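In what follows, a single structure is set out as structure tokens and then discussed.
Chain lettering (A, B, C, D and E) follows the sequence in which the chains are written, and residue indices restart at 1 in each chain.
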Amino acid sequence: MKITRNVKKILDNYESDCPGTKANLARILMHGRLGGSGKVVILPVDQGFEHGPARSFAPNPDAYDPHYHYQLAIDAGLNAYAAPLGPLEAGADTFAGAIPTILKLNSANSLSTNKDQAVTASVGDALRIGCSAIGFTIYPGSEDQYEMMEEIRELSEEAKSVGLAVVVWSYPRGGKLDKAGETALDVCAYAAHMAALLGAHIIKVKPPTEHLELDAAKKVYEAQKIDISTAAARYRHVVQACFNGRRIVVFSGGEAKDEEGIFNEVRAIRDGGGNGSIIGRNTFQRPREQALKMLDRIIRIYKGEN
Amino acid sequence: MKITRNVKKILDNYESDCPGTKANLARILMHGRLGGSGKVVILPVDQGFEHGPARSFAPNPDAYDPHYHYQLAIDAGLNAYAAPLGPLEAGADTFAGAIPTILKLNSANSLSTNKDQAVTASVGDALRIGCSAIGFTIYPGSEDQYEMMEEIRELSEEAKSVGLAVVVWSYPRGGKLDKAGETALDVCAYAAHMAALLGAHIIKVKPPTEHLELDAAKKVYEAQKIDISTAAARYRHVVQACFNGRRIVVFSGGEAKDEEGIFNEVRAIRDGGGNGSIIGRNTFQRPREQALKMLDRIIRIYKGEN
Amino acid sequence: MKITRNVKKILDNYESDCPGTKANLARILMHGRLGGSGKVVILPVDQGFEHGPARSFAPNPDAYDPHYHYQLAIDAGLNAYAAPLGPLEAGADTFAGAIPTILKLNSANSLSTNKDQAVTASVGDALRIGCSAIGFTIYPGSEDQYEMMEEIRELSEEAKSVGLAVVVWSYPRGGKLDKAGETALDVCAYAAHMAALLGAHIIKVKPPTEHLELDAAKKVYEAQKIDISTAAARYRHVVQACFNGRRIVVFSGGEAKDEEGIFNEVRAIRDGGGNGSIIGRNTFQRPREQALKMLDRIIRIYKGEN
Amino acid sequence: MKITRNVKKILDNYESDCPGTKANLARILMHGRLGGSGKVVILPVDQGFEHGPARSFAPNPDAYDPHYHYQLAIDAGLNAYAAPLGPLEAGADTFAGAIPTILKLNSANSLSTNKDQAVTASVGDALRIGCSAIGFTIYPGSEDQYEMMEEIRELSEEAKSVGLAVVVWSYPRGGKLDKAGETALDVCAYAAHMAALLGAHIIKVKPPTEHLELDAAKKVYEAQKIDISTAAARYRHVVQACFNGRRIVVFSGGEAKDEEGIFNEVRAIRDGGGNGSIIGRNTFQRPREQALKMLDRIIRIYKGEN
Amino acid sequence: MKITRNVKKILDNYESDCPGTKANLARILMHGRLGGSGKVVILPVDQGFEHGPARSFAPNPDAYDPHYHYQLAIDAGLNAYAAPLGPLEAGADTFAGAIPTILKLNSANSLSTNKDQAVTASVGDALRIGCSAIGFTIYPGSEDQYEMMEEIRELSEEAKSVGLAVVVWSYPRGGKLDKAGETALDVCAYAAHMAALLGAHIIKVKPPTEHLELDAAKKVYEAQKIDISTAAARYRHVVQACFNGRRIVVFSGGEAKDEEGIFNEVRAIRDGGGNGSIIGRNTFQRPREQALKMLDRIIRIYKGEN
């Protein structure tokens, strides 16, 4: 497999990482229909933990079966599939070597009374079931944010020592933040930056809105005339916050929405220089054929064909 | 011992497990009068911890003796016997090799002021006394739920590495949940799903009621017209939440009740595709002959003879 | 030393224990004037920790010297002597091999603001100073009860692996319990049962009163007509809660009281099938001759001579 | 599974073993057509290591496939199947739980220039692939015998601590012994005794001949008029050397021979009180149908039907 | 990446392995121009250790540079590249993710006075530099063979626990064997079989000659009329010795030779059912263009095109 110039350039940004970790990043970046382009589309399926099985899978009951998601990611030609321990274990043998996987090491649920997550898998599990990366969520702003950061620090150090890559879901939540604040551009860029500061290889954030949440930040945005007028400009700002593009940043699709809305978002990510999408509910809650068609379109957009 | 096709098919779902763990699952699935059918009836005796000795055993004082339960499970032809450390130790030599045992690794008691359990035994204990599996309770919803999940994560990884199986009691409790919420169908399916996500091999939940607890879920159940009208339909829904049947799910008997109520529940579990019952108080609080007769009837129902 | 039939029968109940642990249990059961009878009287001296030196020893200043207690236990012909690390170390050489000792591994003090104990010695200490058993207190009901149970779980597994016996002081305290609740029969039986469930070899509880504390339990005591009318009946009920007599249970003397009160209690323990007494303040706070005389009488009661 | 009186009596001889080890011994003793009788027939396939693949399997080429041996042992109704790591791994999933397995932890080969074996698997491997016991060869008499004994000591302690059973192949070889000496009655009984002294649960030796090798021993055999005239008498003598029957002893079939010779040997083992046969080449080098017929006959002899 | 049926069938033979190990085997089997066919061609470059740099690289001085070999393996479309620690480290970043690598964990040199190898790298190194497998040489027959087997046993257990594959070079050497014996068919099949018994995933042996070395084996080859007349028949015999094809076996090219000789060998491996070639000197000692042309031809032969 010839590593493309695009991918090689990205890998070169990970200056301190061992070749094992780079090889795993390369696996993700070289896999699927976007393989080699420097763009990625990842299927994450952790909504069962977050929202429960019926809310996640009843709209498309085939998706109750963990094999469904492996197969969807493979057939759609995605770069990787991310999930908690149980579903990865349930298909790890059938799909061994078929697609790079990301083991989500912590998980929250809707019954929770605090803004935290439980650590529900280990780096050893990731090696045992053949994953290329670990995934971890932090909630910047939450009362438990520092504990979460300390957990990922420790897991991240361990993962890097055995050649795994580290993907951080950085989702501002709790504390002083209201709902609007969670996706405010300043907060989103801040969250992405903190994931980069923590040493993440791949950063996942939500699409930022035009809202600016923090007064101190707002003043700077205005004084420095930071362009926040278009979605593409906002994505570009987040990319900047990720070490000026030295770290891979991908954006979640958020709540299920109509297809054109999704495609516009993807175009804006592409135009803003983001690395791609990590898109769950919007795919697996649709019938398989629709999902495949939609993912085909997204991939073509990232390829610049659409 | 020829592993039956039914059991082989179940074992094949545990794709990431070492043969040692599969052999222990096979032991449980092949043992007793339901051995080989893919159905299981397990005797759990941890009520002494939960409710104290008198509430548990005074109705049938022979049951104060740990040997009583080993013998009951063997004579009734059950698949396995589950208990905390002390009672398993008290009969481990007399009954060595006579029936698969499940060591319950954590326990709560009625004097507790929080919704948590103490870890009261280890994986090493399970090997030392010859158990086939470890058992662990989580309380989804409780303030301590994440700590409990982190405990089972660690114990589970250790158990899997030495060839033991993992049984998770997933009992929603505490936090936002009221009494009705604890057994609501949406919450029960959610709890079962979380145990599966955590990597459990066998999942134990309470029989779900028609109640729907969480507003966000309720909307989906209505929109998707999920059938919750019969007990069998509800069990089927829980089975679906366990990776569409890729994980074994058994149902507790709940509070002591009349026999016909129990038999109807068992028929509904069978018709809904559940894997069986884990039934404690309803057996050992009855006189032995009555308990044996009742268990015989339950087994015949699972065999489809009744 | 020919192990008597009574003792052999008791040892046979410890089915999962290694011969080293059984040999140490045998040492305790075969030692002193009650050696071989299956009854035991143990001298515990941890009141210095619990209540401070003056409250403990000023009534009989010779007792400030740890040697005093070793000598008292030996001269009285008791089965064992239990104490924290310091006092055992202080006489370990002089009395090496002279009497089985139990190293108390945790201790509370009167200055404490919570219902917990500090772990103040180790299994390694117990081996080093030649003890036959470790001792550990749990406070069922306390906010810290689960942590205490997790501590004894770990220490107990370690002790059993090196052939030591495990003595658990199970003293309900804190949380929902008021003073009367701590010695209520239902709570006392529950506490004894939990020690057994945790894998204790020897269980120490306080003498239960006629009071019933927990509503759910009270109903069962009444419905099942459990006899609680006499002290002997109550002790018998606690014995039942200790795996129907498969675990040794001994009773503390409680607060210092008059001799007849003590003798009556001992007669009731004997008649109820308890295994003996663990009696501290009532002995060492009396002048030595009185204490020896009292202990002689207690021993004779257990022998059925009185 | 009701443990039979015969098996219970055998298990009771293993006084210091944890219930886990006894459960694994029970699994072997209760499995197959001789299950419960106290007699065992075990299939060992380590000749590939000892003599190479062609000498071992060319006479019956189906036997090149490790699955063949699992299936043969199962179809013949044997108690257990013993092999090195590779072949057990190759069928561990297909046959998980189908028959007790014994992992041979050391192995020699025909190219070797000394009388030793390599340690080629671990106790961890045995747990991981679900074995009931470890197997280990010692060569009493060899220049390396003490190193071999030290290896099994360490592995045996580890195996016992995790509930596995220990099978020792005790094959005198090397040093002062010539070919005749290796199977001399005095040497064979001595070798069996040393395996017992080392703490083996199951001892495997070769059928002893009438020859007496060691001068010092010969004198005693003559002075004490030890009966060595019949094969049964010689087996009885070896049983005696295994703690007077307190340890299970089984005999290898030795080189391939005619069927009547084998049946006579089995009758003698049975009449001499031996526990059974461990018979490899004589089975798998025959066509499958012949092997099954022969094993059926052996089993019936042990059952006293022949 | 859709795992082909051929590869899936091979992976299914590795029954006890964790999905991580299977994913790494899949990576090797799915990579390069033979990816998916079940055939493999691997480039090994450890001759620098074995024979020194001049003997290895002077004929084609570009090969002094470790990058040369990575690039050759990639450009030729091989399945994997195997080397000691130093050369892999020297290109690990440049070629991260570009081709599966095998870290050779032990190495010998021409200055050695005994038939052994030094362990020169670790499983941790393999993870750190992103390898898919570890490689290890044993010398069956050598005075040090048992120590070598014990080393690979330990390294293999560790590698399997972290999801790496294990490649064993099984090269009979030393002890009773003369030069002709080292490649004798019986010895070669024996060596391959021992690697399989030790739990290797991929076995590498030298091409067997018609010679039969061991007297005891020779008798069996004659009695059983084992076909050794053609090279293909001999390869087929070695495949049989690798658990009847359940383990991947590849053949080294041996000493540098003319191209037609090599192609004939490859045809015979293919016709005999071998899995492929591991071919070093014959490639890198030729000028690059010649080597690429030769490897192209070999690959086409394995594809059945030539």
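As a working rule, contacts are C-beta pairs under 8 Å (C-beta built on N, C-alpha and C of every residue); 3 or more make two chains touch, one makes a residue touch a chain.
Since the model is a prediction, treat every value here as computed from it, not as a measurement.
Different-residue interface: chain B and chain C share under half of the residue numbers found at their contact. Chain D maps onto chain E through a rotation of 70°, based on Cα atoms and reported in steps of 5. Greatest centre-to-centre distance from chain E is found for C, with centres as Cα means. Mean C-alpha positions place chain A and chain B at a centre distance of 36 Å. In terms of their C-alpha centroids, the spacing between chain B and chain E amounts to 49 Å. Centre-to-centre separation of chain B and chain D, using mean CA positions: 39 Å.
In chain D, the positions touching at least two other chains are 18-19, 92-93, 124, 128-129, 161.
Chain contacts here follow an irregular pattern that is not a line, a ring, a star or a complete set. Contact residues of chain E toward chain D in the complex are 13-17, 140-141, 143, 145-147, 149-150, 153-154, 157, 172, 175-177, 186-187, 189-190, 193-194, 196-200, 214, 216-217, 220-221, 224, 226, 237, 240-241, 243-244, 246-247. The touching residues of chain E, counted against chain B in their complex, run 15-16, 18-19, 161. Residues 1-3, 11, 18-27, 30-31, 74, 92-93, 95-99, 124, 127-131, 161-163 of chain B are the ones that touch chain D when the two sit in their complex.
By the touch rule above, chain A contacts chain B in their complex via residues 48-49, 51-55, 57-59, 61, 64-66, 84-94, 107, 109-114, 116-122, 124-125, 128-129.
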